[in-house]
Amino acid sequence: MTQLRYLTAGESHGKALVGILEGVPAGLGITAEELHVELRRRKLGHGRGARQKMEDDACEILSGVRHGRTLGSPIALLIPNRDWRNWSEIMQSEPFEGDARRKLEVPRPGHADYVGGQKYRHTDMRNVLERASARETAIRVALAAVARKLLRELGIQIGSRVIRIGEVIDTAATGDLNKLNERADATAVRCVDAQAAGAMVQAIEAAKKAGDTLGGVFEVYAWGLPLGLGSHVHWDRRIEGLIAQAFMSLNAIKGVEIGLGFGAAGTPGSRAHDELFPGVEAGTVAAKTNRSGGIDGGITTGQPLVIRAAMKPIATLMSALHSVRLSTGEPADAHVERSDVCAVPAAAVIGESLLALVLAQAVLDKFGGDSMEELLPRFEEWSRAAPAVTSTPDR
Amino acid sequence: MTQLRYLTAGESHGKALVGILEGVPAGLGITAEELHVELRRRKLGHGRGARQKMEDDACEILSGVRHGRTLGSPIALLIPNRDWRNWSEIMQSEPFEGDARRKLEVPRPGHADYVGGQKYRHTDMRNVLERASARETAIRVALAAVARKLLRELGIQIGSRVIRIGEVIDTAATGDLNKLNERADATAVRCVDAQAAGAMVQAIEAAKKAGDTLGGVFEVYAWGLPLGLGSHVHWDRRIEGLIAQAFMSLNAIKGVEIGLGFGAAGTPGSRAHDELFPGVEAGTVAAKTNRSGGIDGGITTGQPLVIRAAMKPIATLMSALHSVRLSTGEPADAHVERSDVCAVPAAAVIGESLLALVLAQAVLDKFGGDSMEELLPRFEEWSRAAPAVTSTPDR
Amino acid sequence: MTQLRYLTAGESHGKALVGILEGVPAGLGITAEELHVELRRRKLGHGRGARQKMEDDACEILSGVRHGRTLGSPIALLIPNRDWRNWSEIMQSEPFEGDARRKLEVPRPGHADYVGGQKYRHTDMRNVLERASARETAIRVALAAVARKLLRELGIQIGSRVIRIGEVIDTAATGDLNKLNERADATAVRCVDAQAAGAMVQAIEAAKKAGDTLGGVFEVYAWGLPLGLGSHVHWDRRIEGLIAQAFMSLNAIKGVEIGLGFGAAGTPGSRAHDELFPGVEAGTVAAKTNRSGGIDGGITTGQPLVIRAAMKPIATLMSALHSVRLSTGEPADAHVERSDVCAVPAAAVIGESLLALVLAQAVLDKFGGDSMEELLPRFEEWSRAAPAVTSTPDR
Amino acid sequence: MTQLRYLTAGESHGKALVGILEGVPAGLGITAEELHVELRRRKLGHGRGARQKMEDDACEILSGVRHGRTLGSPIALLIPNRDWRNWSEIMQSEPFEGDARRKLEVPRPGHADYVGGQKYRHTDMRNVLERASARETAIRVALAAVARKLLRELGIQIGSRVIRIGEVIDTAATGDLNKLNERADATAVRCVDAQAAGAMVQAIEAAKKAGDTLGGVFEVYAWGLPLGLGSHVHWDRRIEGLIAQAFMSLNAIKGVEIGLGFGAAGTPGSRAHDELFPGVEAGTVAAKTNRSGGIDGGITTGQPLVIRAAMKPIATLMSALHSVRLSTGEPADAHVERSDVCAVPAAAVIGESLLALVLAQAVLDKFGGDSMEELLPRFEEWSRAAPAVTSTPDR
């Protein structure tokens, strides 16, 4: 239903990751460096394995942008695999006569290996894991960097922080949202509280020593939003549903919540909603709280969006999990591979990207517009006509 | 992308709710009574207001079914508003010259009232709330009853239970899934543990006395599933994402989780995944746990699906929340209306319905088929070729 | 991809036809009478059978409209079957124990009977023909009346004429488009030339006498269009493709062309395109011709859209066609039923409706907007910024 | 709604054309050479300009295929621009400080130039024409080669022929469809009749001398089809509509017809349909004619699909058309560029590709299936259960 759509392609150790983003208005300024900024942020975080360090993702703009501005035509991005020469035989598209090395016959629990192999009738589960890998998110982050740029032109910002890794929980307040990413990016685990960050690093080190892995929770924010994205009129227009799909579809995510989230279940109605007050400006409305996380009835209120997602620990462990060798049906240890211990900080950045794509879609669906020249005044006019719910009920 | 699609229409106090379900295979046996069974279950639960009692929803099949079997053509369902004569003037589609009674100018916090009115430029927020009301779910439950019937023919069952209302949490084990609905439907709040159910009823009564409302958490299960619904190959094919969208789009839902859910964030990798073992039958694989909630890598494993959703308390309170009279910009009490105190038991049944629709879509996407005659043998053949992960690793 | 979507349901002799149109902006004035105007026009035309006379379609607005204005919520329309009491047993949705009367076991050539029966595994082809019947277009015409009203508010008009029935071809010029429908509706076959109209009526009478049927060609126009609907950037955004799908999907349509159409194949390049000239107003561009039919490169130019569609003769003939009794495999005469001799005039009106739906979708995709209050100024602003190609190159 | 979707990207003189095809079953054998076969066929035809000769499109498979077999994951294809070094500055994505060479300020009539420039607010119409160019079809032909391979595995073949160029019309019978492409590819203009082919070449030469261009008509066939693709149950499932959209969306196409097409308008009902007869095999049905072009009621009958499309002459002429310099508003000659004189033979091959994509989508929608291992037996079982209408009514 949306005006902005995209597809991604590419295997983890294949030639390249590719993405096409169709429906971006013309006239948006964008450069490869702006994509690289986000790609680098995706690699942040203590606990990432060797591969993250090796790769310095270079993203090439193949189409849709000319002389620094979008054309309105589809934007194709390409991230070549820097290590391709080591994989060219294993992953080549042409028929291969020799022995397939790195064949995977013992599925790793917690991955798509077993079910994907069964579904697509593969006996070599490499045929599954290469695509199921979170490596794919690199190209989504790149595509989303275009969406973020579009949103930024409208004054919409997106940030994130890690609030839990394993059993360490950061309960610090968020502070000035405009500095959120700056502060989060500055710590080793994208947790804004230095003390909690330290404890998280220790937890990761401990898990590493134990051959174990850790999950956690991250929080994604968007602010500068207009009132009116999404709708109550049909369930599949509700913006919280689109957000939930995007987040839950991210590798390893097992839970998503908005605003009070699961906490709302235990809060009485008298304290679970955002009471409304006259705003400072005539004709505006304000709230002292943001329990809704910026969405009421499927529609953005204009207050900050607040989304939390729970990530399970990485499923590739140094201490092998029990599994089965499918060719024989006998018990076997799951494949052990050097892998990350904790990917929550990276997931937070990816979460920002997912949100950027959903919000850019919602913006284009509401405002239409084939060019920034057309979109910008419409957006401004709307923001005047239907001002966002503010957080300053001081009139 | 899906072969099964639907639209619903209708205002809460309008003439009727209408739904069209397009893409159901021909030859599925279905009767109006089968729809009524689910519509009645939707009304269960201590804490529902007077309206639920008044309505005994009668659902009419207008098309797509002939002589008890689906035709393959779109199925249209209609639930007339039994109270229409009292609303015919207020809600009539034709121009109305008199004073619009029941005009709503003070938005209720926590509802779509304010944002919906702004978005659609309505000054009478009745124009929003009539559609934003959860009354709409009645027609979705009716449409979903067709999806459930289709799934049942394939051996797929769906059930639910309430596990939290306000601060009362039920930690009882689920027991035999085949009896889940029977047990849940039997208690006043669809909570399978009698003691917890009693405490929940008390909590509702206490909230009622206090003019307050309560939210909670419900759990939805599906079992008898094949391995292989959903996919890892593109993010928007992941079944957990489609499920999360469906649940988060339900009125008042603020959180969704699958399997361990948010609990996975604090569980180390060594205990967060489902280790695999040889199954009892040769060529099968089994797991002793179902931490994944039946989904790995975006694909059903064949183990039971386990989904939990958090519902915020109903936003219409007897003790009015603060709001603003929009015509004057002055503070005002939000509209107070006799309403439910707690709708979690009903939401659980609706959750079953949402899941039924998602699963029926996934089944038809994977198996195609224009008739049950075509679908059934394909489904059986698949279940033989790619057996579900079982829970009995005893070989 | 579009913001405006719809589903229809209903069997020809079922209880009712139903349609849901989702995505109409709020604040559009609409009444049931405006739907009836188009429904009556759909019945125009010499050569229609008894059924068209019997039915005086009454269309009920079930939702989405209140006090004469759209709410922004889905619009559900219902056209009850006035003859339902005669069909209630034959078409009832509940199981039926008696003999199924009016069972159809000999497929009618040229209809969906045989292939539809095979596809959906029906032995009684009534289960196919009831939905395959062009009766369904009544509800589409009703839904489209809402789209037409929206377009009219923007100054976009739609009209049609019949230009061929059997071997009689009307080559008269179109004249003032604003009077096109008035003139066409005034003649017995919606052909604007009185002489040709007379010959067409004679041809229909002759075919009737011969137990035969006739097809023909109709032309649909839209004018008052903005420049800029549709796009060249991706094939499925091209508006001519969307139009072609809509028209070719109409029952009995076997060909669609735009502008010069098939005539373009034999015209040299020097005379096949619309040369551009300075327009009367500074900054505008004009053309002396409209060979393109109002679309270049997938985008409306603002000149009138000109679409022609070829309709095959009605496939139910009084002189039975050869067929096969499927239960025995023996040759048999196809079912003979009193039917129309020629439905081209009606098809032209339906064609207008199909175009209205496509154009309303394209408008909403380009301009967004949840209310007419939001849409109208955007549309006007655009028409100023990017003026349509005019037909008056006189500067 | 379909299980098989794709996006393309790339400007005519940009770095590369890119396409992603998502939803192809696993286990389909495919090599780059199979793509090249179709890419070479796309260049066939007397009357193509220098550029066609220069380019020898090399298409790279970037993902979705491993060791000669599809993985089930998205297939990304890339066709680099061999002439990129000559365009790298003019088309670079990064900001460019110098003078933009090859700026286009005089729109070419009959192209997207003017309307596209207005729509996307470009003053340099190169920003439009680079994407509007039919060069984009190269990547669609490559993607479609995968679809063709899938169809071929099921026994479905696709071919085409040119039947008109300018005023020269080939009325020869089609002959054995299995040899259609062989014969068409062998002549200079893909016209199967040698004499007509000769006249067409002469017409092209004459047009070239006159600085003019020519359009024409081509015919596309598919055979070996099952009965049952597409459906009558909802208008947007009708396969003729999907085909019409695909064809009409191709650059320069102004008309599409199926079977008798526009000829049906003048044929009486007694001779416009395909009468049915008992087939040779018990339980089958046959027809002596194929006036329907292989589709009745939106559903394939299993007889050959017959589609014709009318192409307007190429709009870039050596004798410049009148236009306007937009910066000044003064009359000016349209840009003159060495271009093809006639592209109908190439369009026919592209038409085959468009049909392949539509049919592959229809097959996957009906049969589902994540692997060829799953799809093939389903397809065979269906062909047995619901045999195609044959052309041999000899029993």
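Letters are used for the chains, namely A, B, C and D, taken in the order the chains are written, and counting of residues starts over at 1 for each.
We take it that contacts are C-beta pairs under 8 Å (C-beta built on N, C-alpha and C of every residue); 3 or more make two chains touch, one makes a residue touch a chain.
Computed from a predicted model, the values in this text were never measured in an experiment.
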Relative to chain B, chain with the most remote C-alpha centre: D
More contacts between chains, A-C or C-D: C-D
Interchain centroid distance [CA atoms averaged], chain C/chain D, Å: 26
CA centroid of chain B to CA centroid of chain C, Å: 37
CA centroid of chain A to CA centroid of chain C, Å: 44
Contacts with two or more other chains, residues of chain B listed in rising order: 5, 7-8, 22, 72-74, 119, 121, 131, 228, 231, 233-234, 370, 374
Partner chain B, residues of chain D touching it in the complex: 1-3, 5, 22, 72-74, 228, 231, 233-234, 364-370, 374, 377-378, 381-382, 385
Residue ranges of chain A in contact with chain B within the complex: 7-8, 107, 109-116, 118-119, 121, 128, 131-132, 136, 140, 164, 166-167, 207, 210-217, 227-228, 231-236, 238, 240-251, 253-270, 272-278, 282-283, 285, 287, 292-293, 296-301, 310-315, 317, 319, 321-324, 326, 329-331, 334, 386, 389
Interfacial residue positions of chain B with respect to chain C in the complex: 5-11, 14-20, 22, 25-27, 31-32, 60-68, 71-76, 78, 91-96, 100, 119-122, 127, 130-131, 370-371, 373-374
